[in-house]
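Take a look at the structures listed below.
There are two complexes below, and they share chain A, which is joined by chain B in the first and by chain C in the second.
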Partner chain A sequence: MLGEVADLLFGALSPMIPLVLAGVGEIITEQSGVVNIGIEGVMLLSALTSGVVAYFTGSVFLGLLIGTATGLALGLLHGVLGVYLKGDQIVVGVGVNLFAYGIAVVTLVTLWGTYGSSPQLPTVPKVEIAGYPVSPLLPVSIVISIAAWYFLFYTNYGLKLRACGEDPRSAEAMGVNVNRTRLIATLIGASLAGLAGGHLSLDWVGQFTKEITAGRGFIALANVVFSKWNPLYALVGGFIFGFFDSLAIYLSITSMNPSMAYLFKTVPYVATLLVVAAFMRKARMPPSLGKPYIKE
Partner chain B sequence: MNLEDYAQVSLEITGSILAGLLVAAIILIATGYNPWKGLYIMLTGGLGDLDYLLSRASFVLLTGLAFALPMLASAFNIGGEGQMYVGGIVALIASLITKNPWIAITAGAIAGAALGFITGALRAYREVNEVITAIMLNWIFYYISIFFITSYLYNPQAPYRSVSVPKGAQLGFIEIAGIKMHLIFPLALLTSFITYFLIFHTRIGYRIRVAGLSPDSARYSGINAKMTFTNSMTLGGLFGGLSGALNVIAFTYYMDQLLTSMVGMGFDGIGVALMGRDHPIGIIFSAIFFSMLLLGGQKMQIAMNVPKELTDALSGVIIISLAMPYAYKMLMSYLKIRRMMKVAGRSS
Partner chain C sequence: MVISMPPMAVEFEGIHKIYPDGNIALRGASFSIEVGEIYGILGENGAGKTTLMRILYGEIKPTSGTIKIFDHVAKFSGPWDAIKTGIGMVYQHFSLIGGFTVAENLILSALPLGISAQNVLERAKESMEETGLKVPLEERINSLPVGVRQRVEIVKALVRNAKILILDEPTSVLTPIEVEDLFEVLKKLRESGLTILFITHKLKEVKAITDKVTVLRKGQVMGTRRTKEVSELELARMMVEREVLFSLERSPTRPGNPLLEVKDLWVRSDSGLPAVKGVNLSIRAGEILGIAGVQGNGQKEFVEAISGIRKPEKGTIKLKGEDITDLDNSKVYRRGLAYIPDMRSMGLVMDIDLVSNLLLTRLEEFSPDGVIRWRKAVEETKSVMKLFNVVAESVRTQVRRLSGGNQQKFMLGREIARKPDVIIASEPTHGLDVGATEYVRNKLVELRDSGKAVLLISTDLDEIMQLSDRIAVMYEGELIAQGPTREFNLEKIGLLMGGVKVEP
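After this line comes the complex of A and B, so read on.
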């Protein structure tokens, strides 16, 4: 019994990483007033590109780097369209998700000739803690969220960034270039989602499948809400949501009945919905979130 | 709408289609296929069988309405997927119990409406973002549907799919001018016309439009914003559920284990709605166009071995390009200013 609890708790550490990385990234983006629901697609496409690079070069580090760069590129697309061209950010995000999905599957099929999943990929070497393998990306994501927290709430740049999400007109009056700040915040957010995608294929799963993200980008969005736009709480949220992911995997594996396993797979989504519904009323989102800033 | 608005709309729509085709061509070239052949099959491959084209168009027409109607109230219903699944599974179960197609379809539509209601009410009364709720519900009902198909509705004769809709509960064909066709498209058309009437000639439609166009005016005139928001999502869910129910009761007559006959259609509906400018009549045409692309994509997969998911990338680009009316407005006014400067230059 105690061993199973420890299994579950340590099992939550892998699913936690992408939720923290993408969640912290999205917090930075949303604090500047931009909402990017395309991070699901960013994670998927980055999972693929980092997998491809690691497969052909054998370098996991290079793979993660390219995954992050893929995120940056998609973030540039979202930022230019959503910030400078004043596109509807939700609709652009939906489009990016579909676009990324299409490209990922087409590439998967042309490169490896399979519709389901890639061959085995090289993975990040694990560190052993109390007999459980732990990914070095866990401390990395903890450091990133602490740094993001310090940056957002204790530096001048962070204040300016949050001002763009609070009241862009006043930010402009303070001498902040609102559009540029929002673009940079979107780039940072999407890059972290890209790293999260790289973790999925090169660290956690060890191969790329077209359903590798399975809504995790949106669970990361739920984590943003849960953590009240504070990167430190995103660590807690990431662990909670990651725990339900680990619980679902545990239940599906131990279930004797294959069709019950499908039912257990709903656990993370049901839990996410319930947790967000319970916490949302107390959250206060950036007032200008999702509203394009148009100068008079 | 005046002439200039029409010009802008046509510019947006043709621009988005061209952008989509261009990106598709680039992907084809990058992955080593012949782009001309690919695009040709994609655009024409779906035109062979009119009944099949229109029937398939009906599903995205309905998921298009499912996105468009809430959009009029500024609500994002990206839960068309889950609403379709639940509509299909509930309709299938209802058909097994009642053996009546109409009761089954109604039950499926109501189930979809229930999902829409949950999504809308959580946003209106608990401020949970409808986008997050919708995606969570999509996944929850994806797995719940598969659970039912592999357990209670398991078909021992064909393990990859559910039991069939009973013969008496299958919605069949009609003959129009000697052409035998599924009843689906006429039903979808009828739904479009009813939605048109609902939006422009009823109180609830009026409230939805006011709440979307100007939340402040809505508040001052005593419109209950929360209830209007929830109503629009519930109606959207109804269309999503109807789409799934028709898919099972009037087209496939069973559900397969991976829901392949439905997956993706909820998201395609978003492109359909945007291209149809959230107008129930415009959506009829954009649904036929999208269905043409989707079927062409399948033909392309058979003929050239290009994954049909290429059409997902294409419709993603179309959706992205349609998200920017502001950019087109800027382009239009830039062109106008340039023309005026030219005219001014000539007269001096």
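After this line comes the complex of A and C, so read on.
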């Protein structure tokens, strides 16, 4: 029994990584007043590009780098459309999600001739802790959260960034370049989502499948709400949501009835729904979130 | 003999400003402000006060003319140049970030000047000690009363090393006690050598706090006086005097029964401050009552309370003898009241067509059972357009594509065609050309002649004098005078609008 609990808890450490990385990224983006619901698509496309690069070069590091760069590029798209051209950020995000899925399927077919998943890919070497394999991306994501927290709440630039999400008009009156700050926040957020995508194919799963993200981008968005836009709490949220992921995997493996396995797969999503429903009311989101800043 | 000239803080030389839409805001304003003065700039809405200050603050560029700051010609490409030169601005609407603490706001505002966080807080504490301005550094802006937020704005300017402080209508958001506190602070700031520009339309305040005052009217300087040497009457005359554009035919009035009666009405503004304070009035059939006053003295809250858009705090409103105080607007409209708001964007939905706009306030007529009778509605729209000379391609044209005059005529026509008994018209000719203005004014007189009661709210004194049978003046939420038109003249209204109570 104790062993099973330990299995479950350690099992949460892998699913936690993308939720923390993408969640912290989205927190930075949203604190500046931009909402990017396209991080699901960013993760999917980055998982694909890092997979492809690692497959052809054999370099996991280069794969992760390209995954992050893919996020950066999609962030640039989101930033230009949503910040500078004042497009509807939700529509842009949905567009990226649909676009990513389409590209993923087409690439799978073109490169590997399958509709489902890629061949095995090289993966990040694991470190053994207490008999459990742990990815080095776990400490990386923890360091990133702490750094993001310090950046947002203890530096001048973080103050400026949050001012854009609070009240862009006043922020500009106080000398903040609102659009540029928002673009940079969007770039950082999408890059971290890109790294999260790279983790999915090159660290956790070890291959690319068209459903590899399975809504984790959206769970990361839920994590943003849970954490009340604080990167430190996003670590806790990442662990909780990751635990449900691990629970779902455990339940479907140990279940006697194979059809029940499908039902257990809904556990993380139902849990997300409940957690968000419980925390949404208490959360205070940045007042100008999702509103394009249009000068008089 | 050498006469030493006092050092000048600001010199305006022939400032003209013509906006791209052709609106002339300033026509050669020239005057100078000495270092260490509290300098009043007085004028009505649209006199050009705010435009002039925005030019000084570098927000907009003058069409021609120069500004000298401390004897140097200023060429500002934006407010930051002005701030670096030592100019601080406190707007009516503060630029503070509500969710941040006072300290965070101060730090943020000083960042572009390269002042470190530690330094900002030290300076803030110093200037608070010097001037007696007290602000709680760790509180969030949202939890502070408006008066304290204004102090934060002033501290913000001091932290940024402001030598010249512009205050745009600083008392309009304050309670009387907060106004007194502000004046104390301003006097201390003057002692410490700051130059203060005080923009206002309130005569009393000019007398109470300024050393010198310049009166602006329609973009021109009407004169500069030492405050001690000028009377409120003279200032009022300088502020409002003008020639009348055109006159209207009006038959003598034969008022009937009271149609709208308001007793001891109290209403709060959006920010929760009392905006209307115990207003009493009654309008009879066949009568136009004009309410004069500078914008923002409670007129909006007053008419919104009458038309059921805003809940009054206290008092009663009776329409044709029936108590409508607690009814919501659709019920009030159904009982025979029409409200023509001062913003066409509020009375009309710009992106939909004329017919749909007509339907919006008259749904029960054209869809008694929830199904719209489009043909009837189109006919009615056409007849309104014809009766009120509304020029538009068709009834299906987007309202946005009509000229302002046509929008106004349509909005007026739509409401009048409902055959209301009481019409509230708020700034009905604001922004209209002479032809449309005359048309709208004639219509209002026609309504009065046909036995309706009209409540006219206007900041345009000509309009008030021309149309009204009786006049009331609203100042800080109170009707400080009320009586037949013959008891008023422009000068007197000017004084009253500035808050000076005069006996008839």
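Basically, the second predicted complex is superposed on the first by the 296 of 296 C-alpha atoms of A that agree within 3 Å, B and C clash if a C-alpha of one lies under 4 Å from a C-alpha of the other, contacts with A are read in each partner's own complex, and residues count from 1 in each chain.
Here is the rule we use: a contact is a pair of C-beta atoms (placed from the backbone, for glycine too) under 8 Å apart; a residue touches a chain by one contact, two chains touch by 3 or more.
Since we're looking at a predicted model, the values are computed, not measured.
In the superposed three-chain model, the partner touching more residues of chain A is B, compared with the other of chain B and chain C. Of the two partner chains placed by the overlay, only chain C lies in contact with A:156; chain B stays clear of it. Using the contact criterion defined above for the overlaid structures, shared-chain residue A:277 touches chain B, although it does not reach chain C. Of the two partner chains, neither chain B nor chain C is touched by A:129.
In the superposition on chain A, contact of A:6 is made with neither chain B nor chain C. Once chain A of one complex is fitted onto chain A of the other, the partner contacts of A:176 are limited to chain C, with no touch recorded for chain B.
Shared-chain residue A:103: touches chain B; no touch with chain C.
In the superposed model, A:147 makes contact with neither chain B nor chain C. Contacts of A:91 after superposition on the shared chain: chain B is touched, whereas chain C is not. Considering their complex, residues 23, 27, 31-32, 76, 78, 122, 126-129, 131-133, 135-140, 143-144, 146-147, 150-151, 154, 267, 270-271, 274, 306-307, 309-324, 326-327 of chain B touch chain A.
Interface residues of chain A facing chain C in the complex, by the touch rule stated above, are 156, 159-160, 162-163, 166-167, 169-171, 173-176, 284, 286-287. Contact residues on chain C toward chain A in their complex (touch as defined above): 79-80, 94-100, 104-105, 107-109, 111-112, 117.
Per the touch definition, chain A reaches chain B in the complex via residues 37, 40, 77, 81, 85-88, 90-92, 94-103, 105-107, 109-110, 115, 214-215, 218-219, 221-222, 225, 258-260, 262-263, 265-266, 269-270, 272-273, 276-277, 280-281, 283, 292, 294.
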